[in-house]
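Note that the chains take the letters A, B and C in the order they are written out, and that residue 1 is the start of every chain.
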Amino acid sequence: MLLYALRRLIYLVPVAFGVSLLVFALVHLAPGDPISAIVPPDTPKEVIDKLKEYYGFDKPLPVQYVRWLLVTLSGDFGTSIGTGRPVAQEVGSAFGNTLILAISACLLAFTLAIVLGTTAAYAKSRAVDRLVTSIALFGVSVPHFWLAIVLVIIFSVELGMLPPMGIGPENATSWRLDWPHIRHMILPTIALSVIPLGVMTRTVRSTIKEILSMEFVTALQAKGMNDRQILLHVLKNAAPVCLAVMGLQAGNLIGGSILIETVFSWPGTGFLLNSAIFRRDLPILQGTTLVLAFFFMMLNLTVDVIQTFVDPRIKRA
Amino acid sequence: MDSVLPVKDRGGPSQPLLLARDLRKHFPVAGGLLGRATRVVRAVDDLTLSVEKGETLGVVGESGCGKSTVARLLMRLIRPDRGTMVLDGDPVDEPHGITVNELRRQVQMVFQDSYASLNPRLTTVETLAFAPKAHGLPAAEAKSRSRDLLAKVGLDPNTFADRYPHELSGGQRQRVNIARALALRPRLVILDEAVSALDKSVEAQVLNMLVDLKDELGLTYVFISHDLNVVQYLSDRVLVMYLGKIVEIGAVEAIYSDPQHPYTRALLSARPTMDPRRRTKEAPIQGDPPNPIDPPSGCRFRTRCPFAEDVCARVEPVLADTGAQEVACHMRASGSGHSRAA
Amino acid sequence: MAIQSPSLEIGAGVGVAVGPVVVARGYWQSVSRRLRRDPVTLICGIILLLIVASALTAPWLGLADPYKTSMIRRLYPIGSPNYLLGTDELGRDMFSRLIYGGRLSLFMGVMPVVCALLIGATLGITAGFMGGRVNMAIMRVMDVFYAFPSVLLAISLSGAMGAGAENTLLALTIVFIPPVCRVSESVTTQVRGFDFVEAARASGAGTFTIVRVHVLGNVLGPILVYATSLISVAIILAAGLSFLGLGVKPPEPEWGLMLNTLRQAIYVNPVLAALPGVMIFITSICFNLMSDGLRAAMDVKA
């Protein structure tokens, strides 16, 4: 198993290079050079050139890439143009906030999905199945940022029960485990969880249905196993596929939380990315994208490795 | 349109139609740190065989012995790692010989019936017309030839020409498979488990049809199967394979009446029989076939052979003529060092 | 946002038909027949047709000018005289803007998928059929893009390139090419292993001919189903980008952008503020249901 993990890790290296190349190229995608984009329009050329030289933007692109890569690998993600603070610090604290939201949303979504999906797969009545399928459809079709706004309208504007934005009371920048902070977390979590809920419910339902139709289940029933024991077997068989999809969804949540964070002004990586784009704070843009992409890759790797444990059919090299 | 006329015989009856020498095919198995192949499946190892004109050469062996790989190598659907092929005197895929495309004009294959053997999106006639059209035959002529082919394999063109594969029974599909192989008027037809998936009664009909077609069209067959009875019915010569190597080869009567290789004997005695006097009291072969990734040294059959001795592990036996057939076994090779050698 | 590979069953559509003669039906005819009989797909199709038709014919429908602002007539509620769905935060007619908004929103949703389908399917089918080094090269490049969650990639690309509809189109196309390519490659590899493709190769036909006659017909179905399932994702993603200010620029009517600019109005006229999202929601659901219907219609065994 260890060998498999190692193999996948080594295999990731060229991909990681590609990712770093892409992130580096992001900066240079916009027309004009990075400096001219952020300085006031009437800045004299000599100042621009000096800035370019300082930041190294005057060197040829491959040289810039290598320099940037080496610097980044050493842990220095640069300095935010907007706040002057190290990028690593900004991204670090923001990442923590995003994780809190993502983990809660995942817990909510996956628990519900397993319950709903299993119920639908076992359901004798078509009405139940239809209901669950509709819920799942809702989850994958609804624009979650719109749902967020609707939730705010219902619970903050009309009912005044929950706060419409922020991570905690009074412009808090980090989260704590107490009731006021939990109140701030409820609506964003719900909004963020709809898509994974929809996808996972569908996945769980179709996987379990497929397994139930397999002959070995009939064989187990013929052996005299009761339904609970069979359910255990079924869940074991369903685990590999469902785990894989869960991992993918979790990764998507972390990388894709920007819309919800924007609606709720939740100070996570998404929000950071958003403000970085508008301030054209390219070091933050690069740093955040890089961190998120690598986290996503590592998550996928972990899911793959766990799968080799869970799914005996996958050969361990 | 020269390419769709049948190819004339070149070397006369004594020249083998197809001669394959030292064919080797190893498939890499992904493993190791960088995903590079560290192990190989030795599917076919230095195999030499010849197919005489007008004969039916049966090829038998267990699953995984390499029969299907040999079939695909003969058709050059897979490129061999080593080895040469000569078709009626012309070397294949070599500067002074014929190209692989030309080989495929003369050698065709019938696949085992499965839902994947025919394109589900094409009608019967479209499937049959594909190859001739690809070789330049005009569409109308290709279509009429297809209808003739259908009739030849016993399917009424008016009923079956516009049917889709899902509207055919297994036997009918297999007839279409056979017709497809005949579309380019080949000289050699390789049948890879062509009747294995059919019900017994249908199988009998198809086999008889194959015999008739062979006579009518002057074909040569290589018939690959794991069903020993069918092979006996159809073949003139039989070739027995084990783990990528030929262990015995000879006329069908000789092999079936006096099998000389221990493996052949085991295979033949394992056949269920209706005769109550022939009872098998014990399993003729022990164990499972070993892994083609790491075949045993020396004689590959030695791990399951009741007569294995030291020499069998050290030296690989070669095919030696023992009169009626050729056998690759130390027991039959005089001077090999085996205690039972003459 | 999730872009997944669906479970891929190529409906090879083979069952054993023993018995009387059955009138042969072409595959695509039977698919469309099943589609026409499915009530859900029909209803969604009609709804979508209405939305698309109204979007296309918007200039000739006698609607109010969607750009005409009015400082005094701002945020009129739904059902006001002359303003069927009220007015937005700049006094523009909501009904008109919603219909006009459909033009850009639908375009930004469908166009990237179409482009990604063309490019991704070509790459994927090539990779799947050629195998070997070509396959490795193409798929490794795709892996690099797959290392990003799709939303992140879309936003980073958009953010880096700058706001604007063209950049959004480009960014979204790039985001969707890898999934389409991966699905295409997977399906093509599967089909290529089938015996009838081997038989086609054995017949000596050229590669293009084999792909055209034997591979494409069996491969395009699942790829198309997958692509249609991407349309709803694309619409939401495009609206999301506009919502963030990265997509269409004001004063163009576009549902996502409208959601953004109307946010300030949620305390004044909440229902109005939510209206553009309703359109996105309806369109997305309809596309999803139609995609499901298409998959069900194609997945039948004869």
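Details
As a convention for this text, a residue touches a chain if its C-beta (ideal position, glycine included) is under 8 Å from a C-beta of that chain, and two chains touch if they have at least 3 such contacts.
Being a predicted model, the structure only gives us computed values, none of them experimental.
The most central chain, judged by the distance from its Cα centroid to the centroid of all protein Cα atoms shown, is C. Greatest centre-to-centre distance from subunit C is found for B, with centres as Cα means. With centres set at the average Cα position, the gap from subunit A to subunit B is 54 Å.
Centres computed as Cα averages put subunit B at a distance of 49 Å from subunit C. Our note on geometry: subunit A versus subunit C, Cα centroid distance of 22 Å, whole angstroms. Residue ranges on subunit C touching subunit B, taken from their complex, read 12-18, 21-22, 24-27, 194-196, 198-206, 209, 213-214, 217-218, 301-302. Interface residues of subunit A facing subunit C in the complex, by the touch rule stated above, are 14-16, 18-19, 21-23, 26-27, 29-31, 137-138, 140-147, 149-150, 152-153, 157-158, 195-196, 199, 206, 245, 248-249, 251-252, 254-256, 258-259, 262, 273-274, 276-278, 285, 289, 292-293, 296-297. Interface residues of subunit B facing subunit C in the complex, by the touch rule stated above, are 72, 75, 77, 101, 104-105, 108-109, 111-112, 114-123, 127, 130-131, 134-135, 159, 162-170, 177, 180-181, 183-184. Residues 1-2, 4, 7, 140-141, 143-145, 147-152, 155-157, 159-162, 232, 236, 239-240, 243-246, 259, 263, 266-267, 270, 273-274, 276-277, 280-281, 284-285, 288-289 of subunit C are the ones touching subunit A in the complex.
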